[in-house]
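Take a look at the structures below.
Consider the two complexes below, in which chain A is the common component and chain B and chain C are the respective partners.
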Partner chain A sequence: MTERTADTPRPVVTGLGVTAPNGLGTQAYWSATLDGKSGLGPITRFDGERYPVRVAGEVTEFDDTEHVPSRLAVQTDHWTHLGLTAAGMALADAGIDPADLPEYRMAVVTAGSSGGTEFGQREIEKLWSQGPQYVGVYQSIAWFYAATTGQISIRYGMRGPCGVICAEQAGGLDAVAQARRLLRQDASMVVTGGTDASLCPYGLVAQMSTGLLSTRDDPERAYLPFDGDACGYVPGEGGAMLIVEGEDTARARGARPYGAIAGYGATFDPRPDHGREPRSNLRRAITLALEEAAVPPDQVDVVFADALGVPAADLAEARAISSVFGPHGVPVTAPKTMTGRLYAGGAALDLASALLSIRDGVIPPTVGTRAAAPAYELDLVRGTARDGPVRKALVLARGHGGFNAALLVTDL
Partner chain B sequence: MNHLDTRPAARRRTRARPGTGRPSRARQDRRVVITGIGVAAPGGIGVTSFWDLLTTGRTATRAITLFDATGFRSRIAAECDFDPGAHGLTPRQVRRMDRAAQLGVVSAREALADSGLTPADVPPDRLGVSIGSAVGCTMGLEQEYAVLSDGGREWLVDPAYGVPQLYGYMIPSTIATEIAWTAGAEGPVALISTGCTAGLDSVGHGYQLVKEGTACAVVAGAADAPISPITVACFDAIKATSPSNDDPAHASRPFDLDRNGFVLGEGAAVLVLEERGAALRRGAQVYAEIVGFASRSNAFHMTGLKPDGREMAEAIRDALRQARLRPEDVDYVNAHGSGTRQNDRHETAAFKSALGERAYQIPVSSIKSMIGHSLGAIGSIEVAACALAIRDNVVPPTANLHTTDPECDLDYVPLTARERPLEVVLTVGSGFGGFQTAMLLARERDGLAGRGSGHD
Partner chain C sequence: MTTFTLDDIRRIMGGCAGVPESVDLAGDIGDLTFAELGYDSLAVLEMAARIQQRMGVRIPDDAIDEMKTPQAAVDYVNRRLAA
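And now, the complex of A and B:
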């Protein structure tokens, strides 16, 4: 962890790997997203008819055994399969062969949120229905929150300072910020991002306990953030992995970065019964990110919103955005309306989308939401993608319990 | 040179920073000290009883009482005698929080009171939280599973029996949320979950947040409460835990020839980390300064360790480089010492590789011999033990170490604590996923950092 000096090169993203409900692989995801093609649909991973939540974002075209070697697949949960796959795509996209890089300068930092839920439910069922001797040898390494980071490190021989950060949906941005911190130290390349997959019965029922999930059966009307008709969110699975490097090393090997990580802020909300005058710590996360990047609000071209789809939370986020950017002051979008909320994978996927927006000069749409409720004072990009140069994109994420994070990416 | 550094020039190491030869940025020059400690560990809740147990060399391992362990291979554990109500949690807090969060919150309260830190010293915006946990709220998650599945009968678990806090049990970040609420923190909050190094990595994360100036102070620690059927069964399955069910008090035997696996534990420790200058200005007690933190991964196997200890040695060397310390400056090594043969060989080799001859000259001990292995929590509990060791110049012993293992030929401080001047202490962790972490603590004295805290 030897600290580098003031001329530390800026951190850039050189590779993306996406496993999303509306597209497996960056290209498939991005073209579907720009076309407004949603990946939400009825739950098929188990027979969920009895549950009031029937719509989710599943990565339906993903065949675990096709994408992960069978010996590894049996030791790991679906969540890790999606993560390993995304990491492989991201490395290929960056043009990196890990064998070429110094082992201690490669690290893996993923966001985690619910761990190997499906694998865990199968094993815990064996325990409670049959007895302790029926629990398999891989439960201990498949279920815990560090499984994906550990498996990526092992698969690619990455022996640097690896990490796992959990802050529910906000964790994806916190992980990228930690990757950036490692680049300021000794790391030369970090695999970061996150995936999640909790669409098994116990995972879904646990999510339902918050009362924030949508119970509408129509996939097109189930998740409507910022709409006057908002009724909760749809859960999903998948996420994204990103390759983060210093700009100097990236340029030296001829890589073409998507953009730079220019600013970041993380804050936490006070406890719900704190009794103080309410204030917006999400707003403070935004200003921290902009101040660090020395970017004034009027230079930001798009905000990827957290977009919970719960009216009180939508209002709080809309106020945080308009208090910084002014009423209708910046285009706001929520492509997660096409994937559902992916928890540890959600913010990482939004970050990938933000970088693709910069590359292509286009803002992906929010689908489903018919009109942003007037009180929100948002310029919501609805229905169809909006063309125009995107040089600076802000990604917002909130995690259950009070986590707020904002991350600004810029063109080079 | 940073404005906080008041050391005479002669006391500073002038050796160039490896790889750069340039001074580091002023904003990275902040020094970080420990000003408060809270511990909830087997053998007693609170720092006083914890440290008394360790320094008298008693063990807190016993037959499992938290559930009926009949039919399990390992039926022993290091349990906390913990009544959350007696430690100030309200009935609603008790209902809402998993046992790990309860242990963490009680420890956080003790640490904050111990530090004397108030919102007047550090406003909420500038106060962070970094908590480690390997398995999060497993106990709550399993207890609720048993009800919702009706004892494992139903794959399609019944939401009608779901409690409102069920989702909070599934996500480990809930523990950090509860501790942030306890501390009134509104700065950066994180739950670090790197398995069995999580409690060392979380303190390291908090250290970095203060060092880089993202927060003025961080409530950093870890909590785990894994003594639940599913966790016990998953370690049974890989025969990682000790089956010495007939003699639980002597079952955790790190570095002993007759070891046969680790003894699962539970607990929490929380530290208050502050920027050193601010801590000294407010007259805070300072236990120790964190002077180095590094981690590496073996990229070898999720549970297996190579006997050469190569990556742990590299982490130790990196921590020494940051601290500008040489192996001969290290006075004590708090080992991972889990009590598995592969671990004991692995880290003994790592200490020899990184410290050379010094490894043979200094005490190396494992407190897991007394309080078991509480997965992610233990790393923070061990940092707490190291800070107390520096305060009192006492090395806690390795209990149950009676029979020398020829593969382990260092001084492991058998049975009895030892008084010894401690200026610099190394603590290490090793865990599933292949993660290896090292941290160096140094005594704070008269405004001077421990020898060679490398902040030129």
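And now, the complex of A and C:
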């Protein structure tokens, strides 16, 4: 494969597909988000009463059998159903019929994080209650991280480079960066983004092992990033898929891109040492993304924060932001307060939101958080959406274990 | 004597491997190949596992490979039940 360099057309996003706890479909999600409507509530997907974490963001409107054909549904986890659905929406939004395109130039790169835990739990229950011969064959392909990528590839005949990126909750941005690399090679179009759905007992307990989840029962007070009362985060399911193409390809077929992928940076944190304050390399990810895009900090109109909702991590992020943009120097928002953190889907959904912000000239609000703690020195967009031209939006994402990513999208 | 019928296999296939979009399972499917029905090798393996549990007959892997159509599967199971 040849890597095109200086003359490579810039990558643009031409299609979005959203499956989120506060809205199924891009329009439903976006209007709910601008209205500050939260999708957080008590867990209903299983009897969660006996678990310390009882609030989550569930995609309640989603009926798997309505969106995924029967033969495919039995082979795949709920997380893949959400991914297939979002990918279908994104292709339709982009005006692409995969049958019209060369199969080896269509690529798929999604982020994965939890894998098919709900499917896996059902099969593990059969194993211990009935025996190994009762475990279904599809466990072999349903659980693993690349399953969603693979099923999208098979369904649409996309036989170009396909892969999955696992960087916990930073992966949604890393996947888009990988999509960009593939466009520099032979791909003409990439389906990218991510979804996650791990709201089953096994999945929830696995998430709880980090100790970072909120155990508060009130959905309105359970996830409060940057608030003095922050107490951890609420998990959610869903995510977003995006169609990324070179600007020349997109223009040639008359597509109307949402915006361009202008800069990206990824860093990793040093291993925490005893007796030393943990250090964050998030700031370096931000400056790498801005440098690549040749965009000075004062031209950035909004930062979509990672917003973990854990005081030490909120402080580290706030310091990274204010050290680049100055105290209260840029509007910061966290619409994920309305969805919970979606793992592999979270950063992809934030990226979709950033592009919609550019399209509509409006910054969606952070809900729940009453006031950013003064020490954070953040201009947090709270409660209601804020109007104003948005030409450049920076999305930040961190993954448990030390992943940092920053991605800048710009208008065209 | 217990016999295994096409209706039994229809129920098992629909329940464990899903219903194909292009073919009506209720129709005349006996002599269509599993491939024509939209069932790949994993789907046939899954179906065979459920038949073994439901009917209490053992179906070795070699026999699964030989079952190209629903009718062939029905005939195999009935031969085993009669044996």
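We take it that the second predicted complex is superposed on the first by the 404 of 412 C-alpha atoms of A that agree within 3 Å, B and C clash if a C-alpha of one lies under 4 Å from a C-alpha of the other, contacts with A are read in each partner's own complex, and residues count from 1 in each chain.
Methods note: contacts are C-beta pairs under 8 Å (C-beta built on N, C-alpha and C of every residue); 3 or more make two chains touch, one makes a residue touch a chain.
Computed from a prediction, not measured in an experiment: that's the story for all the values here.
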item	value
When chain B and chain C are modelled together on chain A, clash or fit	fit
Where the C-alpha centre of chain A sits as vertex, the angle toward chain B and chain C in the overlay (nearest 10 degrees)	60
Touching partner for A:E103 - first (chain B), second (chain C), both, neither	first
Chain B versus chain C as contact partner of A:I165, first or second or both or neither	first
Winner by number of chain A residues touched, once chain B and chain C are compared	B
First (chain B), second (chain C), both or neither touched by A:P69	second
Touched partner set for A:F268, first chain B, second chain C, both or neither	first
Partner chain in contact with A:I141 - chain B first, chain C second, else both or neither	both
Contacts of A:Y51 with chain B and chain C, given as first, second, both or neither	first
Where chain B and chain C come nearest after superposition, their Cα distance in Å	6
Chain C-contacting residues of chain A that also contact chain B	75, 133, 136-137, 140-141
Chain C residues touching chain A - in the complex, by the definition given at the top	14, 16-21, 38-39, 42-43, 45-46, 49, 52-53
Sites on chain A touched by chain C in the complex	69-75, 133-134, 136-138, 140-141
Residues of chain A that touch chain B when the two form their complex	1-6, 46-48, 50-52, 75, 103-104, 107-108, 112-115, 117, 120-121, 123-133, 135-137, 139-141, 143-147, 149-151, 153-154, 156-168, 171, 174, 178, 181, 186, 198, 201-203, 205-211, 266-271, 281, 284, 399-403
Chain A contact footprint on chain B (complex, rising order)	17-20, 22-25, 28, 71-73, 124-125, 129, 134-136, 141-142, 145-146, 148-149, 151-153, 155-159, 162-174, 176-177, 180-181, 184-195, 198, 201, 205, 208, 212, 229-230, 232-238, 240, 292-303, 311, 314, 318-319, 321-322, 431-435
